[in-house]
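Both complexes shown next keep chain A, but they swap its partner, so chain B is in the first and chain C is in the second.
And then the complex of A and B:
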């Protein structure tokens, strides 16, 4: 399973979520593809990001199984990850 | 549900229009007793000409020349006798039971306050001159409601603070309004994305001095554009705001703005960044990239200034409601000239405060910090509530916006 993370450098919510995601990656081993809305336009278009940034798209064998948009609290994100079957690095 | 809301809105707006029409019928008369060739009378006549346009249908100015017109002289003597006016000079100005002897610049504000007071309190307005002229005057004692109210307001709005001395609460209230509305307006996300992109580009520059200058120029130009727009708007508003009709129209604009803001708050379930139209975004991003990589400093500076002007003018539509309402508060309080500039400056300072904090932190730490978009969402809620409150007060209790809490 991997995560496509779409952000933009001008988006304040993306800056907040970048920090939170960094914390998540310290705990969980998640393959993350980072895309920028303006720099990786062609690739981003494939995922139809919509009107709200940032976007986190969870893919299982290239099939979208979950999408999160906007700001999400750390704890809520952990809950979602656990529901999706991710487990902590040391467990 | 949507249909019901729409019907409620229509009924509300219809009622407001009805209120406007009812209010428009109450007219205040200002009697101006003057002498041909008297310099103070001439000065006052210029002021009256100005306010006659301003109040439109709400004010009627009746002029009596008393140096050469004998009938008018007799009328003035009669009025002075009944109203117990002992002074013999001209000009004499009478608004309902309130009179002014002589004329100086200070009287401008007081006369306008008296007109506003009688427009807002028609029950206390009695056309004394008309009843004296028609021989229907029977009052034993004339109660000058405006002077009583004005004196009470003066006492209520002054507070003695040790060391600082006497502080006018009315002025303090306007300062607080400037800071609060400016701060709420500042969290408006419309132009924030441009600043964040600019900062990210500036951080990549090696020349720190240039980085600071370009960033500050962007913020400073934004402030100047905003101040210029607000002061020009104030200039228009201050000349038309005394008219109840115009005031009510601005109130309706505020209420519509409130509905839009509260709707945005309700709709924005996801806190996050709203993606701006791709074409517009890429155009601005290309501009920023171009001048941040420009070798010639002056061309880069020109680029940043042009960008700030265009972005702020375009994005103003996004947040026009709050600056408009603030200028209306200034106009209602008859704040013009240098004072209005100072109040607007405070508004702009608080408006730019979040931008300034983000910019300074970024410049010092070389990292862009984001402010949670949750605050943007709540700025819609607070902005909506402020607009709704001010809109309602403009119609029913405009005196409260003049910070006269009686």
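And then the complex of A and C:
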């Protein structure tokens, strides 16, 4: 499973989620593809990101199984990851 | 044409343009050249710098000319953070900043800087207690705009600066682009402030960073001394002189312009406040130059183009971010329906009541037409 993370440089919620996602990656091994809304327009268009940034798209064998948009608290994100079957690196 | 997008940019004042043309023709030499033509150009720049400094109550040596406010914001933010990175890598800002502030900070985040966003009250003003609580040993910069460009929220810059005075290792930068020539502010305890000429009826392509004399920054553009060591490049004499002229002209009429625009804003508010399809986003802590509202159910770009057909020009949000949701309006109300349907009307001393009457009339008829159309779909 991998995650496509769509952000923009002018988006404050993206800065907040960058920080939270960095904390997540310290605990979880998740392949993350980083896309910039303005710089990677063609690729981003494929995922139809909508109006709310950032967007986290969880892909299982290239099939979207979950999408998260906007600001999400660390603990809520952990819950979502566990529901999706991710487990901590050391567990 | 009815232009109501003065917060995006302003038309050039005839006198300013005249100055620009005359200086371009008559002072063509490089101000750093040693011959008398260069000296003459440098003297003119120095006189302009003295004028800018006097108007803004800062020192001449504190003025750095840039290509605009975006460069000034980037120079201030990256300049401080790169220069003082050994002291710490923590930055505090708000969710109401211009994209050139958020963008510069986002870049620094990729370089290992840590960013915190200060909480806002229900009017969008910075929560001063929360600001104090966010300051850490490694905090080096706080960047908060004096006036938000989308909704017009005025921040208590002097109070923030007074708080930060107690933390000598924390520098305070404020973007004064929407305040210069419009709103009163005091830069006494502010370390860095940025603005551009194009928002005050000057020419596009010139701006200014005010930096306290005692502070050093890492330049963005290296290449030796220009008008200062902090921004290299041949000094743009005509643009600099035109900036000083624009500043002088706008400050001569600042109070009367403010009162006039405040009356226009109040008129607009009275006319629109009871319209059931309109939600007014600006509040009593906002600059009268900006009037922001939402029309839930109508896409802002649809309204923009509908009004454009009547030769009326407004804005959907700031012209500087490319998604359709207003981040500032979302921060105020946490409601998608308001954030996704935002219209910004920005006023000027050039705006007339008659123009507003036409705008209101066309706005209301378009709302009715577009909502009926949407219902029928």
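Here is the rule we use: the second predicted complex is superposed on the first by the 91 of 91 C-alpha atoms of A that agree within 3 Å, B and C clash if a C-alpha of one lies under 4 Å from a C-alpha of the other, contacts with A are read in each partner's own complex, and residues count from 1 in each chain.
Going forward, a contact is a pair of C-beta atoms (placed from the backbone, for glycine too) under 8 Å apart; a residue touches a chain by one contact, two chains touch by 3 or more.
Note that the structure is a prediction, hence the values are computed from the model and not measured.
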First, second, both or neither for A:52, with chain B first and chain C second: both
Touch count on chain A, higher of chain B and chain C: B
Chain B versus chain C as contact partner of A:89, first or second or both or neither: neither
Which of chain B and chain C A:79 touches, first, second, both or neither: neither
Chain B versus chain C as contact partner of A:69, first or second or both or neither: first
Which of chain B and chain C A:9 touches, first, second, both or neither: both
Footprint overlap on chain A, comparing chain B with chain C: 8-16, 37-38, 51-53
Complex contact set, residues of chain A against chain C: 8-16, 18-19, 37-38, 51-53
Chain C - residues contacting chain A, complex: 93-95, 97, 99, 102-103, 105-107, 109, 114-115, 117, 320-325, 327, 336, 340
Complex contact set, residues of chain A against chain B: 8-16, 37-38, 49-54, 69-71
Residues of chain B that touch chain A when the two form their complex: 189, 192-194, 196-197, 200, 270-275, 281-282, 285, 368-374
